[in-house]
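In the two complexes below, chain A is the common chain; its partner is chain B in one and chain C in the other.
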Partner chain A sequence: MAYVVTDNCVDCRFTQCVAVCPVQCFHADETMVYIDPDNCIDCAGCVEACPVGAIDDEFNLPDDQRYWIEKNRERAAILPRLTGTMDPLPGAEARKAALGL
Partner chain B sequence: MSAVGAHDADRRYHVAIVGAGPAGFYAAEALLQASEGVAVDLYDRLPTPYGLVRYGVAPDHPKLKQVITVFRAIAAMAGFRFLGNVTVGRDVSVEDLRRHYHAVIIACGAERDRVLDIPGADLKGVHGGMAFVGWYNGHPYRRSLAPDLSGKTAVVLGLGNVALDVVRILAKPSDALARTDIAAHALETLAASGIERIVVAGRSGPAQARCTEKELREFGTIPGCVTTAEPGHFAASPERGVAAIFSGFPAADAAMGSRHCHFAFGLQPIAILGNDRVSGVRFARSPISEGLPLLGAEVEVDVEADIVIACIGSRATLLPGLPYVGGESFVRNEAGRICDAQGWVPALYAAGWIKRGASGTIGTNRADAVETVGHLLADLPSLPEPTSSVHLLTGAGTSIGRSSISFAQWENIDRAEILGGANHAKPREKITDIAAMILNAGE
Partner chain C sequence: MIVSKENGKVISVRGNPDQPFTKGRLCVKVNNYQERVNSTDRILYPMRRTGPKGSGLFEQIGWNEALEEITTRWKEIAATSGPKAILPYSYLGTQGILNGLNVGDPFFNKLGATISERTFCDSGACTAYTMTIGHTAGVDPESFVHSRYIVLWASNTLTTNSHHWPFIDEARKRGAKIVVIDPYRTRTARLADLHVPIRPGTDGALALGIIHILFRDGLTDADYISQYSIGADELAERAAEYTPAMVADITGLSAELITELAHGIATSQPSVIRIGVAIERQSGGGQAVRAISCIPALVGSWRRPGGGLLQLPLWAFPVNWGAFIRPDFIGPEPRVLNQWKLGEALTDEMPLDPPIRSLMVYNANPMAMAPEQGRIAQGLAREDLFTVVSEHFLTDTARYADILLPATTQVEQEDIMFSWGHFYLSYNNRAIDPMGEAISNTELFRRLAKAMGFEDPCFSRTDEEQIAQAMLWDAPQMEGITVERLKREGFARLNLPSADEYAPHAQGNFATPSGKCEFKASMAAEGNFVLGLFRQGYDGQQSGEPIDPLPHYIAPQESRFTNPVLAARYPLNLITPKNHAFLSSSFGNLPHQRRHAGEQPVVMHPADAAKYGIAAGERVRVHNDRGTFEAIAQVTKDIRQGVVVAPAGHWASLNSGGATVHAVTSSRYADMGAAPTFSDTLVAVERC
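Coming up: the complex of A and B.
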């Protein structure tokens, strides 16, 4: 069981999660980050670090969000690993506000 | 014992880090990655690295310990040295380190249990959570704790993750721990445990419990153990968070297992009862209203206890001369620069729990250490040159050179532990005695 990045990261990509990940298991593309489930050690540190609540224990995911489990695995496998934080995407703050956060 | 070899002379700066736990390793990584050219000496008083990953993380949570792979990679970086078996504050002072290094980072954590400041707290059978955790994890300084588990009832004070670890270790059948890296002495004591009932007493309501969901959820799955939670403590039906998990535990269960773990709320301990040893805990019990303790309406209740484990937080590890604040929770610092009453103490930094108090997850220490190292690197050009060399402190012929344990020597200890574990189908059999560790360290 690993942690999973979901919808709210799309177009935000704040990457505070990367700073607190003890094992550098985050990978990124142009829109969001993904967790490599084989590397994640289930410490849950990223859950609180995410300003938009995008990360959850896969146990908690509702049915319509469970596709993210496989998507995280697939994307993390082919994308470069993040070793440090990046600037949020343009519009990230607006999207955060739109999410009511 | 091997002398510590010549140390990366082509690096311009030398930094000492005190404490080889997560904060120490992440600080080392950030320093070694910097373009300034920094050599790092990572000190620990034990011959073993990894701090609370080895001596804190519960033996039945092996996945968390996979972070050691990252620490091993850091230890392999050019410019890194481990100097185990060196007690800063006894074998070498912080002042000495400052004379031999450009800068010193204190990262030795928060090992001391917060004092349960109520009458009877010094009775036999009352233990601190950090001490108990160190005992079952084989910490050499905690071996002698030898808790008496012959009684029927344990009371655990606190609802944080340390409390949950302690409760889970007490609640699990010893068979379920036998193939973990739990210390042999602890497994033996737990196998003979008479504990049938564990009362977990929190001051807060369920929603304020500081444990994490994942750890709490495990309580529904412990073989032979029934978990219940005090009824009537939930605002409504909580949908998410730890309160939702607590509310999912039954108020009572007819089909009791061989063990029973009960979560109770609104309980402030006011005295430990007993004559020569603990026999109970007196609480001021607050009624819980809308999920919160209602203050001013407490009534006294006594709960029977044969052993009490107080998991009520921890205080910074003591090193002589550091400016402790916040009830000794941490040292005074500004974003990692240690400050006394006169202001910043030049070249002295803090990272990890001793910097911010005991909180967060393993990875919190990465961000924390990166912040400290950022300031250290900014200060480096203006810091005075050390008045003496690192070689004069740690080279062949010095007492540290003679007695310190290198990372390669630790790897010998590591191999010996893994070999020792193979006989018992354990991932390792921890060596819990410092002399035996040194014996296995080789040259």
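Coming up: the complex of A and C.
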């Protein structure tokens, strides 16, 4: 039970979510961030913070997005925890614009 | 909370990013508050029971009809049996100075009904704390950033106080150590630097063991003690009995760990202790809080911001309680009944003269949150009991109502709120009109008072007039704060020194009879008591049992060490913490929170599971002589062997077997303030 990072984070990785997370449950790889579901307290602070609407409650995900639940769990388990924000990936602003945001 | 609406309907809620304490975050309980407001399960009209009690079958009636029926019955009961045959039952299912804890007090005090002693939460700790350091707000939660050693004692902060965590985490970034004392490795304990997995009900022994080491190893602040405390020599003598070896034996912790804790608290200044409500829910809970509240003064933690103890920030708020309670309406010989005794009071178990003939429940769900659930159900099923319930939903209690009344949610009413967790006064602006025919609690009691013919002007006060009376606006803490400002901005920090400077007891100034921290409590001479705030303002007829003026350890009544006969039949010690997704039983019926919480779980150690032949995920029966509930077994080493954990708040009507945790808990009191003893419960667990 947790919040989940989905498609829109890919190639953006703005990481404003990391700044608001009270329990530092974000982990990152080269393309995006993931939420550790065991530490997420479901406060939803990151949902508002994300500029591309990439984060949602796992219960709200449509069927074709539900694979992100397991993917967040798997990736968070092996990737380093983020303790602060990072620069967005090159092209993040362009992708955000492409998303119509 | 910021509410978004479209066409008069709430569509979403979010935190206010400008609020310095919550910083724009809500929590899993209220993130989807619009689902509560808009739920098709809401009770939106007055209803009258049409089926057997508990069946949940009702027909819609009008408000006039409902009020007429209620007040006709109450007038008849008052005339024939006396008004004491009527019992109000409420707590804090709705928050707010207007609509919360005391909203019905003037009405029921005027009526002469039995006084409801409400000791759901913190009453035991308040009695103990008041006797030791007075009704102080203690450390500002925001000052924790300055703390060097933070002890979260019986507090699962990330579940019940999550907005406090960033301040604790910030302290850690600045070098502080975070310690969690809890029998269960909670999500908070997992993120701590040190988890102290204490045996349930033994916190008092641990605190006295720490005090023993502080004196033994010369770790006390002699100057602070001599200036700002009384009874240090007697306390030292008492604590001498609690050797680390003895305390290790009682608590199940190592003497080394106890010593590490004592040295950490003493030498990493400022150190701070945050106590949670669970601390009082054991037979010796009051004396445990007494001992714990002595520690900060012993080591001089109060000298600096971020040092001392945090229990209830409530005491910082200059609320005009008298105007909302009206204790002056209480007659000369009232009757007081504690809310934990509801099951007994409604059945033959407790002979009462007059017996309870009518019950009015608002802001509460005793079927889910009070002990001896089976007996309460038996009492509520009484054909001769006239039960009125004001609610949002058809709760386990509401199912038994004769008359069911529709209540508004927080977004449909106006209120002003003190805080249980920070120093900001908040304003609850009404966001939408009431749904259906729902009314606020303030309006409910205006209508009831009018129908009863109560003419005192206090019963016709509008919400606006009540808000104008809510605070002692001239108090120094309120300087610069007005209703207009609160309405506009939503919140205002009390006019206290900033969190970087606030050290309320740097020079003593404790609100005790001596003005000092009373290790030896002078108030103990008058015996046990419950604060008037929790008993409709009434201070008479206190239980008055003798209280040892010095802290001491009171062992659990139900443990294998003190009651081996009972433990032979019921070998496991049950603790019943708060559910992460529910606020007590509120939200226990909503889809989002239920999906989060899953079915009623019981958490047990692998060795216990193996011993009783239970596999993870299996349905089990948890039982003792008081009752039985069903749960799904979760097997993990996060809990001590011999202890099982079952969070409270699930609804019996939604749980397999039709019962929940409080089917097995006892209505026995802790040693102080009529606190419950939910952590002092032996059970057996077996496969269904």
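Going forward, the second predicted complex is superposed on the first by the 101 of 101 C-alpha atoms of A that agree within 3 Å, B and C clash if a C-alpha of one lies under 4 Å from a C-alpha of the other, contacts with A are read in each partner's own complex, and residues count from 1 in each chain.
As a convention for this text, a contact is a pair of C-beta atoms (placed from the backbone, for glycine too) under 8 Å apart; a residue touches a chain by one contact, two chains touch by 3 or more.
Quantities reported herein were computed from a predicted structural model and do not represent experimental measurements.
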Message: Should chain B and chain C be called a clash or a fit once both complexes are overlaid on chain A?
response: clash
Query: A:53 contacts which: chain B (first), chain C (second), both, neither?
result: neither
Query: In the superposed arrangement, which partner chain does A:19 touch: chain B (first), chain C (second), both, or neither?
result: first
- prompt: Which of these chain C stretches, 79-87, 349-357 or 403-411, gets into chain B when the structures are overlaid?
  reply: 403-411
Message: Residues of chain A that sit at the chain B interface in one complex and at the chain C interface in the other, please.
response: 20, 22-24, 41-45, 57, 59
Task: Would you tell me which residues of chain A are touching chain B in their complex?
output: 19-24, 41-46, 57, 59-60
- line: Given the complex, residues on chain B that touch chain A span 22, 63-67, 69-70, 212-214, 217, 240, 360-367, 370
Message: Residue numbers of chain A touching chain C in their complex, please.
response: 1, 20, 22-24, 38-39, 41-45, 48-49, 57, 59
- prompt: Tell me, which parts of chain C touch chain A in their complex?
  reply: 14-15, 17, 23-28, 31, 158-159, 162-163, 165-166, 169, 187, 190-191, 580-581, 592, 595-596
